[in-house]
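Each of the next two complexes has subunit A plus one other chain: subunit B in the first, subunit C in the second.
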Partner chain A sequence: MAARRKILFHWSFLLVAALIPLVELALPGNHRVGDLLRPIFIMAMLGLGLNILTGFTGLLNLGVAAFMAVGAYSYAILTCDIYPFRLGFWAATVVTVLVGLTVGFCLGLPTIRLRGDYLAIVTLGFGEIVEDVLKNLDAITKGTQGINPLPAPSVFGYQFRPETYQPWYYLFLGFLAILVLLNRNLQHSRIGRAWISIREDELASSCMGINPMKMKLLAFALGAAQCSLAGALWASYLGSSGEPGNYDFQVSVIALCMVIVGGMGNIGGVLLGALVITGFNSIVLETLTNFLKAHQLISSSNVFTSPGSWKYMLYGLALILMMRFRPEGLLPSKQVKAELHPQEPHAPPPSV
Partner chain B sequence: MSGSEIFLQQLIIGLSNGMIIALIALGYTMVYGIIELINFAHGDLFMLGCFAALTLVGLLGFDHMTAGAPGVWVGLLLMLIVVPIFCGGLNWLVDRFAYRHLRESTKLAPLVSAIGVSFVFMNIGLLWGGVPMKVFGLGRAAAAPKAFPDLVSNTNLLGQSAVEFTWKDLMVFVVTLPLMALLTWFVQRTRAGKAMRAVAQDRLAAQLMGIPVDRVIGQTFLIGGGLAGVASVVFASYNNTIYFQMGYRAGIDAFTAAVLGGIGSLPGAVLGGLVIGLARAFCDQYIETRWTNVLVFAVLILMLVFRPSGLLGARGKEKV
Partner chain C sequence: MNILAISDLTVRFGGLTAVNSVSLDIPEKQIISVIGPNGAGKTTLFNAITGIHEPTRGRIRFSGEEARRPFRWTTAIALALIGLTAAFSLVLIVNAESLWETAITSNYIYQQAFSWSKAASSAVYYFGEEPGRRLIIPFLIGALVGLAGAYAIWERTRRAPEVAARAGIARTFQNIRLFNQMTVLDNVLLGMDGQLRTRFWHAALRLPLYWRERQESVQRAMEILRFVNLDEEAHQLAENLSYGHQRRLEIGRALAMQPRLVLLDEPAAGMNPAEAQELMKLIHDIRDRGVTVLLIEHHMTVVMGISDRIAVLDHGEKIAEGTPKEVRNNPRVIEAYLGKAYEDASPA
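Then we have the complex of A and B:
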């Protein structure tokens, strides 16, 4: 009964999300909530990809932006007229996911043997290499201009147009809902349980017959595939691959913030994290800046009074304070919480 | 310039920059050696040191003086005292209020916390650049790179030779070499250094022997931060441009150097710094500047994958 109520509770979120554009159309005036939610859906997909690696399997990845870049660029190359492929939306998306899968697998193959913090640095280095290579191979990637314009996708015979945001909104929401379902089922499958057991204790899980290398490699491939899917959708939304600098280390850290602030290893937590972190950036900070500017409370030349220039301070403080006071995140998964607060409910008296 | 002269020139540039990277790498390697934390914020601490140095320049009015005037040398000496104290103190404070509480937590918690500190430092650097001082361009364009005045002259010490070994290069070696010797003496010969090595080897056993572990770790952060402070004064007066995002790149170079030499090893960090400095200089000259960062990262990844104990890493066990 409780489980059933929980499922209903989850579906109601999807329903509310699906109703937002309709309500906006029905209400008079100009509303932007649905419009602003679109990048949040994309970032949530990126966060879910990272969650497989960091949340489930416990592998800290500081280069997920690179997977996103791989997705965006491969989608751009597959669809843009200046290249010979010129695939449609679905074909390009499927190929992009396969490319992401392969890249994740190839990066994972030599590196998963590394211990946690070394792996983090290798993924960071990978992210930087991808960014620089995309920038420098301008014969293929058009350097800092990025690949554009990309044709707007045509889905089930419906031609998308940049002016109307609703079709994009439902496309992204649909992908996100499928990914959430997929991740949830993965988490409760044999594979997901193996990942979580590796996170908790690699040695014990290998004694139980789990092959940690195989499972970690699978996590790398699937996580990378999801991140590159996010990249492909992002490129289709922008109508451009974006420039390499759009996929830098800061994007990777923002994705990490989402997973950590939301709750590592918990899908609902990652969605909440994406909403809080990305929403804070694209909605709260922007609205605040526009409000202050409109009322002439700040001038754009002063760095101190512009809310945007405090952004990284707040992200940084969020990471520090979360680690210090609530390392399990806002919406923690049960296991992570139990691991981080092992003795709280039945604490034995401290021996002197 | 003939081919061999170009080579010699790049050798000098590479060694000078390598010594600076080595100073930052020492801070990484000391902290890693003692608590196995990749102190992500170390590069940004170095960046803040550069801003502190430029602020001092502005306060003392050195931006009006000619390079190499006697007053400037006194000022440099003053900076070499004040900035390391600032950086070391800041590093100590961060350990005290952020990392110390995470010692018993999961391994990734301090690393994530350090990434957070790095973001906070970077943001402080951005705001610092907006301070309305003349050396910061009166606060206009806070994010723009700041020019650090030529305190040390560019006069070639080799006379009319095409290869330049300037006062600046000399300053780098005069500051860094004795400092490294001092550090080696400190770690190998003094009581506090011995305590540090003991904590690095086995924290619990050290505690049982009566070593105040937290204080020793704090001292390590203090010294590592101080070295970053020295590096920032030397860097700023050698390269003459600072900007708030420089810490990330410098940090990565230094971390690569530390890994290359074998993280946890002091001579390794210096060797790694020199190798990275030379690799950067030669890549700039003989390949292309835009591929230099890719080269450094490729070195980092290949080292971690194939020889994680580094060139001089003695402790090969349990490193992977």
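Then we have the complex of A and C:
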């Protein structure tokens, strides 16, 4: 039963998400829920990329924001008209994904024999390096101001405009659905099986003829490519590459939180994690702050009374509670759950 | 015909010699046991055969060849590509800002047409101004570091477990190493990985080959599970199996690799006599399928009952080899297991 519900979750998530703008159009009044959901899709893509590395293959990566930055900046350089490339949306996106693949591969090569904490430290360093490079490579990245303005994408002859959010919404949702499909297909193939076996026991896996280096490099390249796709879409949405500070350590940690809170190694879990964490930040806290301000319950001069200022503490608290009461995440994969609750008996899943 | 020929094998860890010039020939389609007291170097021997430990000295030949990654032209190309990537990256890193300004920024007028040939000639001019510092030195350093690093890693992983596994050597582990959070079926399917032809694109797009192969491989995996008598547990997680079942699953996973040689590291450890009997039958069946079995075992009934030949290790050295009967009566073996009688010991 549990397995069946899990299989359905990511599809129902995508389906409900696809209906939201239509419902909003049908209802009277001016609704912006769909608008607020757009960053969640981007973060979900970032989480899916990280999930390949950390959830499936067990490579703890603390620098995924750097991959996102690589994506955002290459998309910006390729489309912005201050540079001569001026590619269209699709061409720029494809090139950006290729750049992401290459960067992931190149980071994977020298770190291939590192495990656990050591790899985490290297990826953490990589994240910091990328941020600093973007800050200081003024001639190319425009330093702290970022590359802007980017032209709004034009997809299949349709020109996107910042004020109508629906086309963006469906564009992001479409990309997210493609990534979900891709990741699910890989997970249930020999590739996903090899990744998970490396997470479980690398030595035993190599004794079964799996080449751990090859599989880890593939995970690195694919994870980085998905994160940079998230970055490219983010840049197209912002109309700017964003400044280097947008891709700092916090973003990496939030991505990791999403994967952990949602449930490691489970695609539906990552979507739920993105919804909960990003949604909490951009919807709940925002609405709460606005509500309190509107009713004069807090003053804007005192930062301590603003709920937004407490968000990292709330994240921390939520993670502690999570680790205490539900360490496998809200929507765990069957495997990780077993790892954390070894004594519970398991009903066999219904079919292959 | 010997399927495995170990000659003068020595494995040293720092000052400790775990295996000391052991020579051993394993004839095809037989059951050979390696016995010896704890710490005699049996598992180290297995690890050397399966490529986990690099031998300090000596050779291990599996059906006439050493199980090492061959140096092929693809290896050379991969090394060269990594070297070139590193070289070009370093050139770009060193010159990034000024090169960008010379080639791109100075040739581009806002929203005007951009001539790539002009950019290229600017870049050539830029490098021509100071070729040593801007191009040659970073290129050489990058190429050297990239090539040397890639070659070092390749060389160090030539004798990797996966190479031995792909050559046809399967093994089980002394302390069971299943993929605990994968199902029993998935464990066996993973063992089959080497025979699958599905590539990335087949899996990503679920092309027909993926479906066909999935059906075939699940069918074959179920056959193997029936062979080790675990077909009813196929969808359980491996860690939920009982100890004896886990041992059998490990053997099944090894058989899924369609090996020609199976190394079993203490398969009967912790089994009761009935389970041990079952295991003996299973090992016999494996041999009858044409697979050579190399066995480490402490359970003497099992060893004496099924082995065609037995080798005895003690303190890393081979002290005896022969049929079960010969080994049982060998004074050095008795000494290794029971100790030497004092000359003047009184019968207590």
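By definition in this document, the second predicted complex is superposed on the first by the 329 of 352 C-alpha atoms of A that agree within 3 Å, B and C clash if a C-alpha of one lies under 4 Å from a C-alpha of the other, contacts with A are read in each partner's own complex, and residues count from 1 in each chain.
Going forward, a contact is a pair of C-beta atoms (placed from the backbone, for glycine too) under 8 Å apart; a residue touches a chain by one contact, two chains touch by 3 or more.
The structure displayed is predicted, hence computed values, not measured ones.
Participant: Putting subunit B and subunit C on the same copy of subunit A, do they fit or clash?
Facilitator: fit
Participant: For A:F249, is the partner it touches subunit B (first), subunit C (second), both, or none of the two (neither)?
Facilitator: first
Participant: Who does A:L319 touch here: subunit B (first), subunit C (second), both, or neither?
Facilitator: Touch status of A:L319: first partner only.
Participant: State whether A:E200 touches subunit B only (first), subunit C only (second), both chains, or neither.
Facilitator: second
Participant: Applying the touch criterion given at the start, work out whether A:P212 contacts subunit B, subunit C, both or neither, answering first, second, both or neither.
Facilitator: second
Participant: A:S309 in the overlay: touching subunit B, subunit C, both, or neither? Say first, second, both or neither.
Facilitator: Touch partner of A:S309: subunit B, not subunit C.
Participant: Calculate the angle at subunit A, using C-alpha centres, between the directions toward subunit B and subunit C; round to the nearest 10 degrees.
Facilitator: It works out to roughly 80 degrees.
Participant: Kindly classify A:L114 by the partners it touches after superposition: subunit B alone (first), subunit C alone (second), both, or neither?
Facilitator: first
Participant: Quick one: is A:I140 in contact with subunit B, with subunit C, with both, or with neither? Answer first, second, both or neither.
Facilitator: second
Participant: Regarding the shared-chain residue A:L182, is it in contact with subunit B (first), subunit C (second), both, or neither?
Facilitator: So A:L182 only meets subunit C here.
Participant: Quick one: minimum Cα-Cα distance, subunit B versus subunit C, in the superposed arrangement, integer Å.
Facilitator: 10
Participant: Counting contacts the way the document defines them, which residues of subunit A are shared by the two interfaces, the one with subunit B and the one with subunit C?
Facilitator: The overlap between the subunit B and subunit C interfaces on subunit A comprises residues 110, 113, 339.
Participant: Quick check: in the complex, which residue numbers of subunit A touch subunit C?
Facilitator: Per the touch definition, subunit A meets subunit C at residues 81-84, 106, 109-110, 112-113, 137-140, 182, 185-186, 189-194, 196-197, 200-201, 203-213, 218, 334-336, 338-339, 342, 345-346, 348-349, 352.
Participant: Provide the residue numbers of subunit A that touch subunit B in the complex, in ascending order.
Facilitator: Subunit A reaches subunit B through residues 58, 60, 62, 110-111, 113-118, 120-122, 124-126, 128-129, 132-133, 135-136, 249, 253, 256, 260, 301-304, 309-313, 315-320, 323-324, 327, 339-340.
Participant: Enumerate the contact residues on subunit B facing subunit A in the complex.
Facilitator: Touching subunit A: residues 36-38, 98, 101-102, 105-113, 115-124, 126-127, 129-130, 139-140, 142-143, 248, 252, 255, 259, 290-291, 293-294, 297-298, 300-301, 304-305, 308, 319-320 of subunit B.
Participant: Show me the residue ranges of subunit C that touch subunit A in the complex, using the header's touch definition.
Facilitator: My answer: residues 50, 52, 82, 85, 89, 96-98, 100-101, 104-105, 107-108, 110-111, 114, 119, 149-150, 153, 157, 160-162, 164-166, 170-171, 173, 177-183, 185-186, 189-191, 193-194, 196, 198, 200, 202-206, 210, 218, 235-237, 239-240, 253, 257.
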